[in-house]
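In the two complexes that follow, subunit A is the common piece, with subunit B as its partner first and subunit C second.
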Partner chain A sequence: MEIEETRRKRERAKSKRRQNLLSLALLSPYLIIFVLFTLIPVVMGFAFSFMKYNPYNGETNAFIGLKNYLNIFDFNNPVTKSFWNSFGTMLVFDIVAVPCLMIIPMVLAYFINMHPPGYKIFRAIIYLPSVVSITIVGIIFGNMFAGTKTGLINSWLGTEIHWLAGQPFHGDTLRWLVMLIASIWWQTGTNFIIFSGALRDIPKSLYEACEMDGGKRRHLIRFVTLPNMKSAISICLFNTLIGYLNLYGQPVVLNELDNAGVLVSPMMFIQKYISGVAYASQTGYICACAIIFGLFVMLLSTIERRVMGERRRSRRRTVAAKRYLADRDFLKTGSLREPDFEGGTHDSD
Partner chain B sequence: MTATKRRRTKSERTRIREKTVSFIVLLIITILWAFPLVYMLGTSFKSDLDLQLHPDRLFPSSWSEWTLDHYEGFIVRDGAIDNMPLWMLNSLWSTLATVALTVILDLITAYAVVFVEFKGKKIFMKFLLLWMAVPGVIGTAPSFALFATIRNSLRITGLGNYFYIYMWIILPGTTGIFNMLLMRNFFASIPQDIVDSAKSDGAGNAKIFFKIVCPLAKSTMMLIVLFTFTGSWNNLIWPQLLLGSESSYWNTITVALTGYTGGSAWSYLGIAMATSVFALLPIIIIFIITQNKMIDGLATTGIKG
Partner chain C sequence: MKKTIFCAIALASAMTLAFAGCGGGKDPGPGPGPKPGDTISNPWWTTTGELDMDGDSPVFEDVEITLSTIVNGEDLAGFNQIIAQFNNAYRGKISIEVNSVNQNDYESTVMSQITQNNNPPDLIMTHQKMLKSFVEQKTIQPFDEAMEQSGIEISLSDYAADLAKYASLGYDGYTFSVPIDAQCQVIYYNKQILAKYGGELPTNHEELVELCNTVAAGENIVPIAWNTSLEFFPMYTFLTAVIQNGGDLYDESDYTVHWSEGDNLTAFTNAIKSIRDLVKHTPQLARWDAGAGALSDFLAQKALFFLGMPWNFNSIVESFGAQNGNLSKDAVLSGYIGGTSISNWFALEENENSDKIFGDAHFFAISKSVRDINKKAAICEFVKWFTQTASVGALWAEAGHISGSTVVTNSDEYIENEFVNDYITHFYPDINRFECIGNTPYHADLISSITKIFATTKNNTTAEQDKSAITAAQTELNGIITFF
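After this line comes the complex of A and B, so read on.
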């Protein structure tokens, strides 16, 4: 008996060890690449931000504490100024662009979900620009809005507007408008498809039930459509927000001579100061800027997740049905209250 | 009297009205959306004279103005191979390598996480989930410093330098956590019974992986392939940084085309458009073949999350 027992134990231990070895073998390629190319650079970034660091000249490297961070808030420094200016322009653009890139896809998805004849073709064409690279988007829109008479839009209007010229906050509104148009054209597709998938997935019975209770179209949208799209909205908002905080391609490809070098987003700022050997001695400072910017991105994305109640969305349909039943009485009596799908309070039960 | 047509019910009427309205709206939107691409295509066939005289037309103003001038010399120019095919090749092989590596890494890692018991699994997954919140921008400057330092200390030059740069373009993109979690979520949804019964029939891990799990994961693989392909093909920031100081032959097509945008470049209209059309062709071909799968796959991400 005892021998049997020990034999079994040993076998179990052996199989455990084998499983551990196997998992190590399977995980190691991913882990090695991840550590080398993702983890170490980020850790180094934190380390550099407390140092005076020059990758080309190791002798001057030294630990300088919080000096880089203090420099970021020293507004007399021209580099600091350009960092905060780029930050500001990016934020102003995002405040306009992100809502546009949520609402327009949502409206389009609502229409496509009515399944008009040929909706698959419409869907494909609206999604198509998403696979076009930003440089080609730049070539197309830059030439459409070219500042000379030979630009398409200018020749239509018979004007010679310099669409892409101007300095940030000084007469470059048109440039940002063109960027917005290009962004909408370019990136509506992805959110549009995700929204239409979420819409298609809403159980028909919920709509029918709402209709039976005398719900009009706006009630349907408010009490059935929007609450059921919450997880899709959350994902799209998260992706769009992060994507546009990291704004880079649009301003790089859509500019004119007078503002080609103006840094209008933190990514442009970071890219410029990393790429030249001339700024190599500033590496530590740039890392600190990247961390400040990164923390801001993290903060916004965390707020977004909290607000959308990311963590609790299991049993979506049950929850949706319950919520609907709760809302129904208010529909009947006609005294409508605010549906609290934003707060996610219903999800807790 | 009885032969009169049945009156449509209210819901039927609403449905027809809905379809008409949405058809009209979407038709207008679709025309707007197709317009820039049509403009690109039309302009690339215009002769230089026509570009100057009729900038307001989408297509050449008369049949005699149609020309292939701007497409000339894309493959062979002045007896030598042109930049264009080289840029395309650079993009193509690096993108394919990224896609293949990503899928393989995601498959084996997700398999280990879901089907193999090991110590520290929970910590590993928690760590990855947390890491998703860390913005990659923090690592950009150190990555570049690391890249330059290693190259200088190993004295990598010539063709070695080319592959070294492309290694740095390809590898960081292969360990995207989102893709890995997508695969893991799919694996976790495979009924445990299937795997258990295969195990009791004596199938080893290799057999389970190749015969059961991989065939089932086809649609998720497809989705990751499409995400990674377009993402990597259109990648601009990081390759631009690495390739910035190198010979222009080494550029990827996306980086190379920045030469036709911004600043003073707006005057080479015909050539810029023809180059765009040429560069867009492979993507459009892949899109036309896979668009149904791509769109359906994308549509489900909102639900899976």
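After this line comes the complex of A and C, so read on.
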């Protein structure tokens, strides 16, 4: 009996080892890329942020403690000023763009889910722009909103408006507007697909029950649709927020020579100074800026997760899982008691 | 808990390794590298091997040189043709392999290749303005030792003085770079329209305004077609206007700029005014934002002058012929398109710089990764051949670049070349009156600030607004320079 038990244990251990090896093998392509291109650069960037570091000339490299971080809060420094200004650009754009990129796809998904005539074509049309790169978006919108009379919009309107040449923080919002339109056109499709999936998954019985209780359309949306889409909304909000905190492509591709340096996001700031040879002696400072920016993104993402209640839900799941395990163990010992899930019962086999 | 301890140890180890691998020492403090007149006490380059000599001349056998060039426009075909000629002429002795790198990434890409010893090029061919960064980061070496040992002399007195002055990159007595050519925005003009209005090209700003005024009134066109949205306009033409009005770009001792002070402020405001004179004139003589439409206007014979790039010559001529009844290239050249320069176009008052033109110049430099003296000597041989052979100079001129070597520009073969004679000498009337940004590592920020001034002031109406824009750009740029 004991031998049999030992053999079984050994087999279980062997099978577990094999399973671990297999999962590691399946994970390894991602792990290698993650370690090489994310983990190592992050750790090195963190280390460099405490140094006066020059990637091209090691002779001058030295540990300088927190000096780079203190410089980031020296607001008399014009480079520091432009770093914090870049946060302003990003936040202004995010405050407008993120809600638009949540509401518009949701409304579109809601209507497409009613299956109007030709809805499959509309679905494809809405999703199609998501597959193009930001460079293509720049070419399309750059030509549409070209400031000359030959630009598509100008030729339709018979005007010569300089859509992309304005100074957005100096009374001109046209470039903001074009960037916003381009972003909505480009990225609505991604969230639209997720919302469509979530809408399809809502059981019809819930709508019927609500209607039987005298619910009108607005009640259906408020008490059935939105609560059942909460996970999808949370995922979309998280992805969109992270994406727009890393704002880069739109201001880079949608500008004119006049204002290429006017709308600078933190990513553009970091990219400019990290790749410019003239700034090589302050690479440590730029790394510190990148770390601060990274922390800011993490902070906002955490707030978003908290607000959307992911943490509470996951805690609930943990409680449910613990109960399930306890009940499973209880069942193993021969009891016929059914597992007690939070919020419902479980049909035993 | 174990996992947390493991992660902490891994992070600490990685950081220790990162710190250890990045040198050490005291905080070296801010500030740029060498200043004009600096000497080199610890050379960062080395020389190995012995040179095979046959009498006074070195003997080369299968020396392979990799060349990283910034040339990648319409002129790349001409450049490759020249390299093919060299490889044929030096078969079995020296061969050149060319790699073209995009202008925007050139500095960081090539410098990383050299510092990380990751396929570094042996020879670099880039704009003069970038070389200061290369020498500050100790990634290039001087030609002097190789010239001395091989007996291949590349004398800077054989090059245009206004280009040769940049060759030392601030280290007096060293030849860190060798000038190749010069480039700027040039003027294409419509011979037919000009002939109708006297056939004389303007020789100063006043004559320019007068001629354009007459043409605009007579033809009902905007006579000057230029694309101010093209980066070359503020970078070359607006800076030409500043220089022609007596402007000084930066203080060579610390690279800071003083644009809002004294004569410099006058030069900047006059430069703005000289362009505004043409745009705000009634009738309008030039447009602010013609964009790509500028070329269309010129090709449709709706403009007298077109401000363009010299290396686009062939495509402009071909398009003009195609758009005007399929004219042959010869017909276009003889009857329709002439070439001239922006020399004297923007100086409001005549001064010693009125005829100067601002632009870029290509220079050769040797990577510090080259150690073998045979390779260094072979590089000298190639550089001398490229920059001082008349036929090569003529071929390179046909690609849009005037030779920077007086040996070439004084040679009969170059002078008698039809294209050089009809266009290049008109595009660049005097190579000794040519100005580059010079030896500042902050060239990109300087150009960006100049562009900002140009963009901000073009819609201004008062001198006070101009001054305020110039001062703001100056303060921001000086802040960046002081910090970095």
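Observations, loosely collected:
Criterion: the second predicted complex is superposed on the first by the 271 of 349 C-alpha atoms of A that agree within 3 Å, B and C clash if a C-alpha of one lies under 4 Å from a C-alpha of the other, contacts with A are read in each partner's own complex, and residues count from 1 in each chain.
Heads up, the rule we're going with is that contacts are C-beta pairs under 8 Å (C-beta built on N, C-alpha and C of every residue); 3 or more make two chains touch, one makes a residue touch a chain.
Everything numeric here is computed off the predicted structure, so don't read it as measured data.
Model built by superposing both complexes on subunit A: subunit B and subunit C clash. In the superposition on chain A, contact of A:F48 is made with both subunit B and subunit C.
Legend: residue contacts after superposition of the two complexes on their common chain; A:A62 is shown touching subunit C, with no touch to subunit B.
Contacts of A:S281 after superposition: subunit C is touched, whereas subunit B is not reached. Applying the stated contact rule after C-alpha superposition, one finds that A:A165 touches subunit C and leaves subunit B untouched.
Look at A:E11: by the touch rule set out above, it reaches neither subunit B nor subunit C.
Of the two partner chains placed around the shared chain by superposition, subunit B and subunit C are both touched by A:L257.
Of the two partner chains, both subunit B and subunit C are touched by A:T150. Among subunit B and subunit C, the chain that touches a larger number of residues in subunit A is B. Across the two superposed structures, the residue set of subunit A contacted by subunit B and also by subunit C is 40, 44, 46, 48, 53, 55-56, 146-150, 256-257, 260, 275. Of all residues in subunit A, only 16, 19-20, 22-24, 26-27, 29-30, 33-34, 36-42, 44-46, 48, 53, 55-56, 108, 111-112, 114-136, 138-144, 146-152, 154-156, 185, 190, 193-198, 200-201, 229, 231-232, 234-236, 242, 246, 248-249, 252-257, 260, 266-267, 270-271, 274-275, 283, 286-287, 290-291, 293-294, 297-298, 301-302, 313 touch subunit B in the complex they form.
Residues of subunit A that touch subunit C in their complex: 40, 43-44, 46-48, 50-64, 67, 77-79, 146-150, 162, 165, 256-261, 275-282. Every residue of subunit B that touches subunit A in the complex is listed here, in rising order: 18-23, 25-27, 29-30, 33-34, 36-37, 39-40, 43, 51-52, 55-56, 105, 108-109, 111-113, 116-119, 121, 124, 131, 133-146, 148-149, 152, 168, 171-172, 174-175, 180, 205, 230, 233-234, 236-237, 240-241, 244-245, 253-255, 257-258, 260-264, 266, 269, 272-273, 275-276, 279-280, 283-284, 286-287, 291-292, 294-296, 298-303, 305. Partner subunit A is touched in their complex by these residues of subunit C: 11, 14-15, 18-19, 22-28, 30, 105, 107-108, 111-112, 115, 133, 137-139, 228-231, 233-234, 289-293, 441-445, 448, 451-452, 455, 475-476, 479-480, 483-484.
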